[in-house]
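There are two complexes below, and they share chain A, which is joined by chain B in the first and by chain C in the second.
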Partner chain A sequence: MLAKAIHSLSRIGDELYLEPQEDGLALRSVNSSRSAYACFLFSPLFFSRYTIPLGHAFRCKMAIKCVQAVFRSLSSLEKTVEKCHIELDGETSRLTFTLHCKHGLLKTHNLSFQDSESLQAVFDKESCANMLRAQPRLLVDTVLHFPPSLEEVSVSVSGERVWFRNHVDDEAEQSKAMLTELCLSSDEFDHFAVGAQTSITFCLKELRGLLVFAESTGLPVSMYFDEPGSPVVLSVTDSVLEVNFVLATLSDDSNLCNHNNNTKRARSPPPPDDFMTDDIDSYLIAMETSELAGPSDALAPRSPSSNHTLTTQPSAAMRSLERGEEEEEDTEDTERPPNKKFRSLFFGSVCPSDSQLTNQTIKSQEVLASDSEDDTQASLP
Partner chain B sequence: MPLSTQSQTGGDNYVLVASLDNVRNLSNILKAITFKDHAIFNATPNGLKVTVEDSKCLQANAFIQAEIFQEFTIREDSVGFQVNLTVLLDCLTIFGGSTVPGVATALRMCYNGYGYPLTLFLEEGGVVTVCKINTQEPEEPIDFEFCSTNVTNKVILQSESLKEAFSELDMTSEVLQITMSPSQPYFRLSTFGNSGNAHYDYPKDSDMMELFQCTKTQTNRYKMSLLKPSTKALALSCKVSVRTDCRGFLSLQYLVRNDDGQICFVEYYCCPDEEVEED
Partner chain C sequence: MKFRAKMIDVGCLNHFSRVVNTISKLTKICILRLTPNNLYFVLSGKVASGGVGMWCELSQANFFDEYQLEGVAPDANEICLEVTPENLSRALRTSQNAKCVKIKLTKKHCPCLTFVAELPTLSSVSRVVTHDIPVDVIPRRLWHDFKEPRMPDFDVSIYLPPLKTMKNVVDRMKNLSNFLVMEANLNGEMNLKIETDLVSVTTHFKDLGNPPWGDDGSQGRSQSRDPEVMAHTRVDIRKLQQFLMGQQVNPSKAMCNIVHKRIIHLILLHEDVSLQYFIPAVA
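The block that comes next holds the complex of A and B.
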């Protein structure tokens, strides 16, 4: 199962963040544009033996391809591996995977890792207005109808039904576009709780990663979401494992622009600014990253404003990641005191509109974010 | 066999004639040593030996005994020539590579001696193809001077387990390190790649281990690029013998069973990488 988790994470991002915690081993990954985050939390019960060094919290990250290579062939793993021993050696900076296989074969992989910041997306499943839970088979079959090349999928819910359709780029040739729509009724789901009619659009590729994992384990997948622009949380849980995939969603009526707007820097929290009180009614995911002795800043700081095309493309939705103040009205639980962290926020700008089912309309959008970003940019060391 | 008369080759002048009912018994083995264009063929009354070399550091030999052939006639003690192996293989597989049960391509290979081309007659389902491949002066294969008396460590393994290890080997590593020792770790393959190192340990009492004779602890490194072609031979084989001698030269011998269940051998000799660390 560990191998499947790693393969699943590899679909999200290029790096695997490993953090042994008291409540289990957390494996996380985030994609380059920070629009998708996944976390696999294996409780200590999953392991036959789980010991973590007391006190000193440890985090590391490594290229996910390397770890994948250790668990390369899933089918042969199941047949041949009897025991897997994972050991972290701080002095030599090596993470050792020892696989005890059939016929006495011992495979030892010593992988080097980098110290990293803690990667944690803060989100609150409970406060989401809508929640669906289904057997993975249902979702897999649904997704099967869409071509593998499809980037984004739109999910619309009403009181009784769910629609899945492919999201067509405005820029794409209308004549060549093929729209596929699939409708599922509420009784196909294990749990169907819809607060309000909404429609969200998110990236399918990352979802597939989760579905592959869920299907192989047979565990039901839960989907928590709110309005467009606010992230969708897909979750698979059982007694020894908790998996959360957090994907950003498109705001209403625009194209997807993936911007890598991650600006990670040290020190002081950004000063309060006004943008939160503007008409953004979208939910925010706060990505908390606290800086440790992390020489490896894998994601280079980039000025968000340079990536904004919003001002020039009125129809483009912007999903940007930036530093900002923690929204007071958010109910997320934060794990560390605010004055030690800086965070990158993850949100979509949304026009306060109720036209939530039209994905095609072109509207001009208020560029709410860029101003504030400029502010925060300027004020930071 | 419908290929009884060949007037084109000047019938009586051949020095070597070899026939096979199923050409795959030859082509499959040759595929296992095809990493360079040219191969040195040496036929003796015992059979056929095909040698391919790379940069004077690696040598692969395939042995197909005379008994494998339905007909194997040789008029001299030793017949040698060099041909382009890629071209030869293309000809041998000219009817396509796929196996349809019951249908086999038959081969008759004739060689008239020095200066003459190698003539191949291939037949399948009544269709005959004649190929003539130009031969060249055979080079002398390197003698790695690997003799049994100098062998310090020898291990015979079932290919299954090695296949798995080789398929997972970290290719970013420039070398493959082989450690053989009478004590722990008995037989270890190690790679040192970008992400770290990996070790594959085979204990001496594993059921995959058929023979374990190690007298001295030896660690040798071999260039990964040189050993990579040997994986083709490994894939075909059912058993492998790994031997190292006192100089650190590596000998890999693969026991291959062909379609008809007959046994052929493929051998790889590799010289160690410059810096040899001794345990």
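The block that comes next holds the complex of A and C.
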């Protein structure tokens, strides 16, 4: 299940944020434009043994591809792995995954990580006006009707029914695109509570990650949403696990905004689709990326990458500030993981932990123009 | 202009889907002609499509339970649309186990073919999937381009070998050359040949049989023909490959007419569908 969670998260963003908490191990990821966030919270009961470092809280992040490599093949995992041991080595900044397999085979993966700020989306499921719960099969079947390339889906609800429609964003495409609409009645849902007739639009891609996970576990999926603009929360819960996917939704006035954000995006890896970069303001979900107070300061002189809070409808003044910060964040994120990983593994040296580097240092590093450059750098023999 | 049709039988639905799938593999855009008795998927052999022509005829009664058509005018009771078969294919794919599928010509933001499928569910209310596929209406003055093609005066007519075998052969040949020569004679022999600077490969098929055409103008010509002599045509191999790739069902009859150095005319007959494909010769 852990492996499935990781594969699921990999469809959201490039990095995995790991945070052992008292209430469990939280694995989180967010996409580059901050419009989709996912969190898998495994309660201590899920593990046969769960010990967290006492004292300061610990958070780290690592390139998700590395972790995926550990859990690469789901079917072989199921057959051969008896035990999985995850251990943190603070000294060398390594997270060790040890897979105890059949026949006494032991696979050890040492992954380096970076300390990171806490990643937590602010959302409140309970206060949402509308809630639907269904068996994953229903949603998977629904999604099947739409082409795999579909970016955005619109969900409309009324008292008795739900409509899923493909959303066509571009004016130019409107006359050419095929429109598909699926209407489900409330009977098909385990739970159907609709406050008022609403319609929201969000990105389907990220949702597929959750659906794959839910279908393999057979747990029902709950969908909480409000009016357009406020995020939709999809969650899967059982006794040992709580999964939340928070996706930004298109707000009503987004149609008026222009596409001037695209140029700024050139430096980060291309986001999955224009939709995401299009109108950041309406798509941003409320995020709180603040450092935990107190002992965390001792951990890493990683300067508080600011307590910036990005809200769904920020004021104009905030926007430019956030964009600036967004940009930094993203360039950091995109450059560091691959470099660091290769250095650690191939050169055997311990990076004087990028975790010690401050934001300033990061900025003074060569800002690479594009991903491809990143790769060539990293692939040095 | 009005068009409404309904399909209830799952078998018909599947068959129709397969036909549409085949068409979608042959061409990106084609013309759909709707007449009171038949549906036609047409690709006229113009330069734009590389000279390839396609004519696929379906008898509507074999597929649809209900079929209502009001054409453009009382004396021209048919409708001509330009469609993207891929869209049709997609719409049908998701309605595989539908209780019923209705097709309507509608006008939403533009003229559309709307597919409405009712899917069975556990609850009392069934799921409804609606696909709106934008189409272009072809005006009457252009209809002459899309008439049924005349049977060419062929030199040889022969039954095709199993399509799968042909496809395998052609696939391998494609790696070696861009052009293929197809030749056949009235003794039931067919050869597929390619020739490059380094190598030439020929695949021989024997005992294929020659279809007996009835009282035909061309019959005269082929009757007096020496059965051993091959008629051959050189074509672009990719076009032949595309044709073979799209075939999903084994036809009841598959034959090929060759006009020496001019054109290959492939004819596939299923019970209620006929598909003709013309591949012109290249120099």
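Simple rule for what comes next: the second predicted complex is superposed on the first by the 255 of 381 C-alpha atoms of A that agree within 3 Å, B and C clash if a C-alpha of one lies under 4 Å from a C-alpha of the other, contacts with A are read in each partner's own complex, and residues count from 1 in each chain.
Quick note on the criterion: contacts are C-beta pairs under 8 Å (C-beta built on N, C-alpha and C of every residue); 3 or more make two chains touch, one makes a residue touch a chain.
What you are looking at is a predicted structure, and each value in this text was computed from that prediction instead of being measured.
Student: Judging by the criteria at the top, classify the pair chain B and chain C on chain A as clash or fit.
Tutor: fit
Student: So in the superposed three-chain picture, is A:Leu144 touching just chain B, just chain C, both, or none of them (first/second/both/neither)?
Tutor: The answer is second: A:Leu144 touches chain C but not chain B.
Student: Applying the touch criterion given at the start, work out whether A:Gly104 contacts chain B, chain C, both or neither, answering first, second, both or neither.
Tutor: first
Student: Thinking of the overlay built on chain A, is A:Ser185 touched by chain B (first), by chain C (second), by both, or by neither?
Tutor: It touches chain C, and chain B stays clear.
Student: Let me test your reading of the model: by the given contact rule, A:Ser112 touches which partner, first (chain B), second (chain C), both or neither?
Tutor: first
Student: Is A:Ala63 touching anything from chain B or chain C once the two structures are fitted on A? First, second, both or neither.
Tutor: Only chain B; A:Ala63 stays clear of chain C.
Student: Once the structures are superposed on A, label A:Ala196 by its partner contacts, choosing first (chain B), second (chain C), both or neither.
Tutor: neither
Student: Looking at A:Leu45, would you say it contacts chain B, chain C, both, or neither? Reply first, second, both or neither.
Tutor: neither
Student: Looking at chain A, does chain C or chain B touch more of its residues?
Tutor: Ranking chain B and chain C by residues of chain A touched puts B first.
Student: Chain B to chain C: minimum CA distance in the overlay, Å?
Tutor: Once the two complexes are overlaid, chain B and chain C approach no closer than 7 Å between C-alpha atoms.
Student: Which bits of chain A are touching chain B when the two form their complex?
Tutor: Chain A residues touching chain B: 62-63, 65-66, 69-70, 72-73, 76, 80, 94-95, 103-112.
Student: For the complex, give me every residue of chain C touching chain A.
Tutor: Where chain C meets chain A, its residues are 87, 90-91, 94, 108-110, 121-125, 127-134.
Student: How about chain B: which of its residues touch chain A in the complex?
Tutor: 161, 164-165, 167-168, 170, 185, 194-203, 205-208
Student: Could you please specify the touching residues of chain A with respect to chain C in the complex?
Tutor: Its residues touching chain C are 144-145, 147, 174-185, 187-188.
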